[in-house]
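Before I ask anything, here is the structure I am working with.
Chain naming follows the written order as A, B and C, and within any one chain the residues start at number 1.
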């Protein structure tokens, strides 16, 4: 292409540009109302949850769902400052987000902190230098789900059965490295908060034994399909979030915390520091923490789990509360540890170990 | 006229077996979209339309469907336009390094969508261009234009060139030749490449997955739906897409078939 | 070609036709590829991307067994899929082209590729339902007494292969059929007049004539299959990882673009080698 061709091409280029513009214009569409961009787990996407807020504030909430803090951080990294307003993130990773200077302080006096289950306040995670950066909204367990018509529930009380070969070929593993590696660590008698690179070889070895017993390692749908269809009878890393929603259709699906304990996960919600709509974002946080929204969030179509706000109980049916084991929570909280929250370096090593585990 | 030899029977059986294999997942998909229960697997518990209601009430799915249509139509139009112009230029004029040009234009055909999508993702990221449907549309043109070019180019034969020359001799200008002579003669190829592009864009996942954010295409939204667990809603949306596509296909078939007959 | 091309190289008009497509390809295909190639020489350190300009990511591929293994898995699966699909599709296309009465051929062909229009993501998912332990196949086998215990079909390499073959049988049927119906009928007649029997005609006349079509289809299958993420991700049960899955792990879980880029480029190298292998059959021009 010589320089003089450019003039000849101009018309063609204009045409190209016009077509491109048409593509832009039509895809942007006419969206007059204000928008709020939220980075969330998939349980926030039910219209029943979002619509009341949208109607009240005449705003459109754009939701981007992700799985795993690494993914969320990757998404944030690929965005421009100000792209995001609301952040739903694992409670244990809030310090990481504060370190990365992603979150804005929340107005303490407007949050229903007093209504939360006490263990979910987690000031060591959510607060720094007197400011609160996030608040818990939902929590649950990564533990063992199983089919009680096929598996002896007594066996499930001891986590080591997973790496003996008693249920060889009948096990599925949830494909998320943090909780499963945390569970294995707990099963080996380690404390997840103190994990170091030195613990990895033993964890990896145990993971490989589990892999030898496992029929599959899958995301939510493959693992759910597998346990619902009888392909496997045990789901490592499962919990109420897999089975509670399915219990109505298959009452044999159950879940348990083994004696060695389980992983407790919690989601926190906060506002991005670079958000240009912090007030509206804060309103969204307050809305999600309200008992009504909490009840909907707890029983979302994506997954069920305990609401962080204890007052949500008034808005839920007994059946829902039973499926979530509302009354057992005190004991469960006592017998569970938080997810591991590794440093970036350890995190990379853990992910490598996980990739090897998948390939094992 | 027909003799039913052993070989014919074997042929029929073989064809039926392949048809069975090809249709098995579709039949299962559609059947269990009517499942009256949470699990889209046997036993079939009864007939229900509630999963279809759920799909139609799902704003995100419906928006994704619209987005997919817009991206498919616009990116295909762009692909056909660029592909046609390039094919015309290369087939009808003396240009240096034609082989190289053809090679360059068709090179994306030999590269996995994943790699094309990743390249665009990293580049747009680096330039600070946010993810959007437009970005996905650009990616779709990258994958579909080579196809359109190849199809149209392969149909540009001497036959049309002679008629074009005749038109030029009668004083037609280049753009007149192209729009009034070449394009109509190439109508089947243009249509085929547009239709193929539409299909590929409509169904494309990985590029859209990497390059979109809030406004996503249907395959990406279905993927999100899948990740939220086992749910006959996925069957319902799959069946709907299939149904709509088949109706569209039949309409096109009839229209094009009729047209071909008339001319 | 040259004979009928007009002698207009002195003016620049022809470039006006070709330039938009060329520019598009340069901007959105070649340039991104170069950016990715550059990115593969960077390094992810903690949460930062560092321009270290080293081959450390490539070294990782050869040092760590599981990356190399993913490549081998990908190659194995792709070869199995390509060969199986051709073997299944060729006779089918043959039957459609030769045995089905002319007036029904179009319908038969459309039927053969109709499931292509179910959404691609959904197709893999429906195979998961078909192959599941109490899925349709197992229910039928159990009911017919062919097996006593359900076969373990889902979540394995076999499931991935079945999902792939389903798609590519449709694709290859189409390309091979197109090739078969283009064969001039008098070739076959000539062969028969010369005393060749059916098999000989097929082996010495039909097959060589359709080989280019098969090869184009095979190469298309190879490229699409080796780069596919969804099918192994949904059907494979993570029993093993294929390259696209490993690449997506790097992007999705830790934004490690340098490693992902290096792996993508290695994958591309493999595809290019395959292309060279297929190249003698793949020509856009007809002779």
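Following the convention adopted for this analysis, contacts are C-beta pairs under 8 Å (C-beta built on N, C-alpha and C of every residue); 3 or more make two chains touch, one makes a residue touch a chain.
From a predicted model like this one, the values you see are computed outputs, not experimental measurements.
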Most widely separated chain from chain B, with each centre as the mean of CA atoms: A
Two chains sharing the most C-beta contacts: B-C
Rounded Å distance between chain A and chain C, as computed from the means of their C-alpha atoms: 35
Chain centre separation in whole Å, for chain C relative to chain B (CA means): 16
Junction residues of chain A - those touching two or more other chains: 12, 15-16, 78, 219, 221, 225, 229
Interface hub residues of chain C, defined as touching at least two other chains: 13, 15-17, 20, 22, 24, 125, 129, 132, 134-135, 234, 251
Touching two or more other chains - residue numbers and ranges from chain B: 41, 82, 85, 121, 125, 226
List of chain A residues in touch with chain C within their complex: 1-2, 4-5, 8-9, 11-13, 15-16, 68, 70-71, 73-74, 77-78, 100, 169, 175, 215-219, 221-222, 225-226, 229-231, 344-345, 347-348, 351-352, 355-356, 358-359
Interface residues, chain C side, partner chain A - complex: 12-13, 15-17, 19-20, 22-24, 46-47, 64-66, 69-70, 125, 128-129, 132-135, 150, 152, 154-155, 233-234, 237-241, 246, 249, 251-255
Interfacial residue positions of chain B with respect to chain C in the complex: 8, 11-12, 14-15, 18-19, 21-26, 28-29, 32, 40-42, 82-83, 85-86, 88-96, 101-102, 104-116, 118-123, 125-126, 138-139, 141-142, 145-146, 149-150, 153-154, 158, 161, 174, 199, 203-206, 210, 218-219, 222-223, 226, 234-235, 237-238, 241-242, 245-246, 249, 253
Contact footprint of chain B on chain A as seen in their complex: 12, 15-16, 19-20, 22-24, 26-27, 37, 42, 45, 47, 62-65, 67, 78-80, 83, 219-221, 224-225, 228-229, 242, 245-246, 248-250, 301-303
Chain B to chain A touching residues, read off their complex: 37-39, 41, 57-60, 67, 70-71, 74-75, 77-78, 81-82, 85, 121, 125, 128, 130-134, 137, 213-215, 224, 226-231
